[in-house]
Every structure is written in C-alpha cells, then in structure tokens.
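Here is the structure we will look at.
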C-alpha cells in the first residue's frame, strides 16, 4: 500500500538531490571541475540559512531574518566560502583538485562540530521553521513542501539551461575540452573557473541548502559527510554527466529506487538484509550504466544536439581539469 | 617521543594499504575508491576465518581470498571498460564500493568485531613503551613493503609492471603480457588491502562500516606521495601517520582531522605533484 | 525558452493542485492509524546501518520477543500485533523518510526504538501526527522537559548520567580527571555535563576529543594522561572504546577508569584490564521478576546476559508498555494510548511484571503499574524516568555486576 504522502516526501528529497546534482553538473560536467566537496558547500548553505533565520531566542540563536533574506544571505555566504576554497584549489588539476575539495569538505564539517557555540556542534540545530507551515494542516504540508521544492528545482533547471546555452557556457565547455586552445583565444581559464565555482556556491546556498533543511527539519553535521557527495555523484553519473535533463533524472531515479526499497516489508530479523539492498542497488546501477552507457542515461551530445551546438561530450572523451596527470602526461 | 612510535605504527599500516592503492593507480590508471572496502573485507574475512581455523591458517587464507576477489573484479568489471578512461573506471569503483559494502552487511552483519589476537603488554625499550605484538606488526608491515619494493625493482614481474606503469602501449608492443600483468597487479593490490585491513582490525576493531573511513586516509597519502613511485607513497604514508600523532602534542585533539587535511591542502598548493613524486609540476597545475 | 516556461507553469500548477488535494488527502490516516480491525501495526525505526549499526541486533531481537509475548496472549484487545521495521541509516534524512513511510504507508499505531537525533528531528511531526513514541536509549537533554505528551523515554537523561560521574569521581577522592570524549552527540552530551559539574566541585579536568573510526588513539590517550590524573573518564562507543582500552592495557596505564553507558557491554567486560573500569548508569534491577524472566530468555537466545550499554531490556519494555497502554485505553487511537502510557508505567496500581499479568489485571478493572525488565519504568509528567536506578557497575569475573546504587546529589545540579 503506497500512500501519497510518503510519495510526496520521497519526491521532495529526490528534488533536493536533483538540484544538487544539476549544480554539480554545472561545475563538473560543463566546467570540468571534478568536485568531491559538494557536501561541504551544501553544509555551509544549510547552516548559514538556519543561523540567519532562527529566532534570536532559540536554543541555537540566529539572526531572525525572514525566509527569503535567509536564502539570499546563505547564497552569498556559500559563494564566499566557495571562492575561498577555489582560490588555492583551482590551481590544481584532476585528482589533486579532487582531493583538495574533499579535504576542504571534511574541514568544513569538523569546523562545524568544533564551533559548537554557534552551530550546536554534534547536537545540531532543531526546530527549523519551514515556509508556510502554519497555514496548512500537518498532513497536507508534505504536498506543499513538495510544490515549493518543485518550483525551486525548475528555477535551478532554467538557470543551468541558460548558462549551458550561453556564450559563457560554451566557453566553459571549450576550456574543458581543450584548455590550451581556449587560452590561446584569450580566455582567462582561471577566472572562468573561479567564477563558475563561486556561482555554483551561490546557487547551492540559495536553493539546495534551504530546501534540504526544510526537508530534514533538523541539522546535524554527520548528514554532510562523504556519503552525501558520493550519492550526488552517483546520481550525476547515472543520469548523464554534461547533459541537461540527465542530472534530474539520475537524482529522481536514484532516490526513488533507494526509498522504494522501504516499501518491501520483511520480518525485523531480516532488516539488515533489506538495508543492504539500497547500497547494492546504487552500486549495481552505477556499474551497469557505466558499462553499457558510459555517457549516462542522457548524454551531453544529445542534450545539445537539439540546440545545434556542436560540443562533443561523451564521458570517455571529456577531460576534467587535468586528467592528463593521471593519464601519464598525454595531453 | 612515544608519539613518534605511535605515528610510525599508524604510518606503517597506512603504507601497506596505500602502496596497494598506488599500484593500481600507476598501472591501471584510476583511483580505486573501493580499496577501502577491500580493506574492511580483508579484516572481516580474516577475523571470521581466524575464528574458525586459527590465525595461522585463517589470516593468510583471508588475504588470498581477497586477492582472488580483486582479480575477478578486475577481469569482469574493469578490463571491459578500460578504453572508456579513468573517469568511468573511477565511478565503477565507487559502484563496486557500494556493492562490496552491501555484501559485507549481508554476510557479516553490521556489528563491530574484535580480533582475538592479543598484542601483549608494553615494555620499556629505549625511550619507548612498546608492546611485543606492536613490534611484530611493525615488522610485518616493513617486510611486506620491502617485499613489494623488491618485487617491483628486482624481479621480472616487477619489471613488467613498471613497464606497463610508464607506458602501457609501448609495453604491449614490446611483448609484455599486459592482461596477465593486470591480474597480477589486482591480486597484489587487493592482497595488500587485506593485510592492512587485518592489521587495522588487530590494532583496533573492524566492521562493515569501516571501509568508508579507510579510503579517506589512503587517498590523502596517495596524493601526497605522488604518482609513479611506490617509495614515495610509502614515505608519504609514514609521514602522514607521524604528523597526525605528533600534532596532538601541540594542538587540541579535536583539531586533528583538520590538521591532517589542512596539511594535505598546504602541500598540494606548494608542491602539487606530491611530496615525493618525480613527475613534473606542469602535469599537476592548472 | 518556451519549453522552460511551460515547465515552470506545470510545476506551479502541480504545486497548487497538490495543495488543493492535500486538504482532502490523507484524512483517513491522520490519527488512529493501525487499528485496521484484523491487526495492529507497531512501528520500529532505528539505524540498522550506519553509525548506530552496532546496536541493531540488541534492538531488533528484544523487540521481536516482546511482540511474540504479546501475540502469545492473543495480541492487544484480542487482535494480533505486527511489527514493521524501518532503517534510518543512522541519518536524519533516513529518519524523516522512514517516519513518513511508517506513518502513512504502514499505518503504525505507535513508534519505538528511535535514536536521539531522529527523535529530536521528528519531535514536532510526532506530536502533530499524534503517534505515541517511546525512546529506549535517548539520553538527549532535549527531552528533559519536552516529553510527556506523545514522546516518552525509559532511560536516564544525559544530564543525570553526566552529573553522576562527577559525583562518583568526587566521592572517590579524585581531584584531577582526564577525559577522553568521542565527538558524537551521545558521548559528548554526558561528558560535558560531567566536566562542568566536576569543575564546580573544585576538580581539574583535562579533556581530549576523539573521532570514532580512527585506527589508533595512542596519542590522544597519552595526552589525556598528561599531568597524571587520578582517574580517567572515557565517553565513547565500543568502536572507539575497545581500541582505546586495549591500548591502555598495552601501555600498562593503571588508573581507575570511569566509562559511559555505551561501554557497558560484554565485549568491554572481556577486556583484560576490565577490573579498572567502573560505570554508572541506569542499571537493570536484577532482582525484578520482569528482569529475571527476560534475562533467562535472552541468555538462552544469545548466550550472554542482558547488557545495559546495549539497551536490550529497554527495547523489550517499550513495546510491552505500548501494548498495556492500548489495553488500558481499549483503543489504538493516538491520543488515547499516549494518555495511558504514564498511567500503566507508574503507580499507583497493581504491580505487574509481564504483558500477561498486566492484561489480566486490566481485565479485572484494576489500575496497573508495570515494572519492566530494564527498570520500574515509573515516569514523571515529562515522560522521563522518575527515579532512574543509578548504580555503579564494575566487572567481576568477566561480566558487569551491579554495585551500590547511587542517589544523585542535588547540589551538583547547575
């Protein structure tokens, strides 16, 4: 028996992931920056939002800003943090960039725990206010939240789509595919990447952080660990790195499958077997999709073919920032 | 001073794990994210088999089984997609990590397990208080890494491996059986992972969840060590272990993970190709 | 661009439509869920995987035993009870999604077994959905004064657990206390309370934090023992606790060690240096008939005695309490059941020690006071244990044995 309310809850989570996946796609798929630290940026966005909007007399006090103000403020803060990280990290390529973003994400998480006077440390922050919560009955609210999250997701989709189709986007992809050529034509690749990375930070702070917080209802630092990053990456790879609709589909598919597993009911003693099904499915999906459709379910080529832009983008030909290093120096 | 010994011990075990990871990276050319899970698998297998058949039989058996599993994965999952490039292989490895984790959950459950092996109590040796078992572990780690280095530098198999590392196509042209070498490398890497996992388990504990934490440190040590030289990676692992343990003398231990990662970032910024790599700076810098 | 506008319009329309139909939506499953006539559904939510995985079997098995006991008597109001279990993956998002599924799809009447962070995150939704909920192992101070309506807990608060450590240390003459504290909520909570309280008695505290999952803790241990403290307090789970104790043993550090409740398990008791250990927590009242009955069966099933650090007896009690409250209310309706929980758990009333006894007494029209396997379960108006039996525990012959009981010294409260 599947209830609409449960579906709504799962769909809301799926859409939050969809937004995160699209933004990762922007920097990694189109920008060529393979970021293993998205969880860190989402953490900054989420915590900033909550700290900006909590009441000054709450258990973990905040500034009491209204929701919209909080979203924008969170966006600015996350953009600044992204710029701070990008400044050293973007000097590096390929796996080195990967590792340093990973390291930064861990540092952020640790700092959140250490700064417990401000962030509530490992206890976290509870009693998060959600938009329009008072106006609806509690059993109607999941649908309202779903609606809000859906609208936000569409907005993110539109933004990403516009960026992709714009001159800026094309320059990004050109720089990704052939950096020396791009530089030769006068593009400052470094500042291009910095602005992209900060832009992604801005959008994460405005959209992903707050939406995730509304879904969770409570913030604890352990939510923002490596597993979150890997899950978003899995959704991106399965959906199609570099395509437009791919990230959304990947996130919906992955979250849907993971949570649908709950609907199978087994005896309590077999609960741990059922729990193993979710990572097993994610793993198998990743392996199978990569084997038979390495570009993902929706490839970049097809995504841009309709708009007439000729950008080759299948996964195997993509050069994320400096995979040259791993390939032993081939350019 | 005592902390130095602690650091050496942690570093030595990390070195065993990371050298396996680096082998795969150098020859198969991708970051094997599932390496952490293989370490946990080795630990869990070792514990279970040691309980059934005693440590002398059980532990080596666990290493061999994990090595075999590695070879099978290499052949079935990774060889077919080699042409797709490092990115596809990286994410296939992530997929394998999730899958291995799920299998461990089903077979071993999620409890924390403790090895029956006792390390004895510490005695004063020079400026350190060391338990005999710890010395044994240290010696084993040293023997394993020395053995690996000898294998790579002196034996013909090792020569072939190094040929494939530096230029796969050329090695193939020269008649090196690259497919067989792949299998050898997978076996070595997974075997090393198992050994490291067992050692971690003996020093502390092991569980299905542990794999996700192991990979963080291994990645850090591998990148610090740089590409192309196993010795570099081993040295980096030792250094990381020592720095982490010594840092607790100076700063609050709450900051220890921050220190480790901040160090990593600092090194990367200053010397992006890793501390001990002979690869040129150009490759690593954007 | 046109396609995008259409997409935006569609999303907005969908949002509006959903909101509209939501008003009519889940009307049926709001409160009173689970009373489906032919069976009653009990919900269980815990971290089967993730950080809380080590406690999983000690949570699921006793719960199943309770359900079996209930069904052996024909169930509640002569209706069989079925248990549905969800995995939170030890995460908040897992708890949110699992809760949604349990309350809407599975139609649970009551919810048990949830750990602290899920409990806190879902607190509002639990009262909105009017789901009676008992937490067998949450120490979080969050519940100190917020429970009692729909949320209850049957273990001592971390506030008390921390204070009691300071008290016992002080009374043992400890002036310098070294602390090794794990960086997670369940461990750092009591530890911070203990540190504050101990300092207030005039003692000195040297606190060192650790991360669970590290391969060795040698340097942290050395740091905690700097300055030769009179005793050590370790607040951690078994994942870190076991390596730490082994390393302490190897180095031959011979100080008395206080441990947090999570470490009161058999694995720890089996350590060679277990004679240095002392724990203080809501000990199981080993004289209680309910405990004895449970312990016998637990021993038969697992080969060892119940372990306070694993909360196994608490997990058993919660479902018996739910069942008795339902019997007393003669209804599965959320508010009705919730209203009866404090009643059946606390005096005045006929003392009963099992579901069978309770059901029979209720049938005779008596008020009951269920004393469970984990404690007398008497609850105050906030749904907290009135007088948690706090006892010191030490390891005797390889198992944890209950020592003297300790009454909390009120002067230690802040």
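We just call them A, B and C in the order they show up, numbering each chain from 1.
Heads up, the rule we're going with is that a residue touches a chain if its C-beta (ideal position, glycine included) is under 8 Å from a C-beta of that chain, and two chains touch if they have at least 3 such contacts.
The structure displayed is predicted, hence computed values, not measured ones.
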Identity of the chain that, by mean CA position, is farthest from subunit C: B
Selected interface, A-C versus B-C, where C-beta contact pairs are more numerous: A-C
Whole-Å gap separating subunit A and subunit B, where each centre is the average of the chain's CA atoms: 29
Where subunit B and subunit C are represented by their mean Cα positions, the distance between them in whole Å: 38
Between subunit A and subunit C, centroid-to-centroid distance (C-alpha), Å: 34
Where subunit C touches two or more other chains at once, by residue number: 48-49, 51, 56, 183
Residue numbers of subunit A (touch at least two other chains): 113, 272, 275-276, 278-279
Sequence positions of subunit B contacting 2 or more other chains: 105, 109-110, 254, 257
Subunit A to subunit C touching residues, read off their complex: 1-6, 8-10, 13, 113, 121-124, 126-127, 136-144, 146-148, 150-151, 153-155, 157-158, 161, 215-220, 222-223, 259, 262-263, 265-269, 271-272, 274-276, 278-279
Subunit B residues within the subunit C interface of the complex: 2-3, 6-7, 9-10, 13-14, 105, 109-112, 114, 118-122, 129, 131, 133-134, 200, 203-205, 207-210, 213, 244-246, 248-249, 252-254, 256-257
List of subunit C residues in touch with subunit A within their complex: 4, 7-8, 11-12, 14-16, 18-19, 21-23, 25-27, 29-30, 44, 48-49, 51, 56, 60-61, 63-64, 83-87, 89-93, 96-98, 100-101, 103-107, 117, 120-125, 128-129, 140, 142, 183-185, 188-189
Residue ranges of subunit C in contact with subunit B within the complex: 48-51, 53-54, 56-57, 183, 208-211, 213-216, 218-220, 222-223, 238-239, 242-243, 246, 249-252, 267, 272
List of subunit A residues in touch with subunit B within their complex: 34, 88-100, 102-104, 106-107, 110-111, 113-114, 189-190, 193, 226-227, 230, 233-234, 237, 272-273, 275-280, 282-287, 290-291, 294, 315-318, 320-329
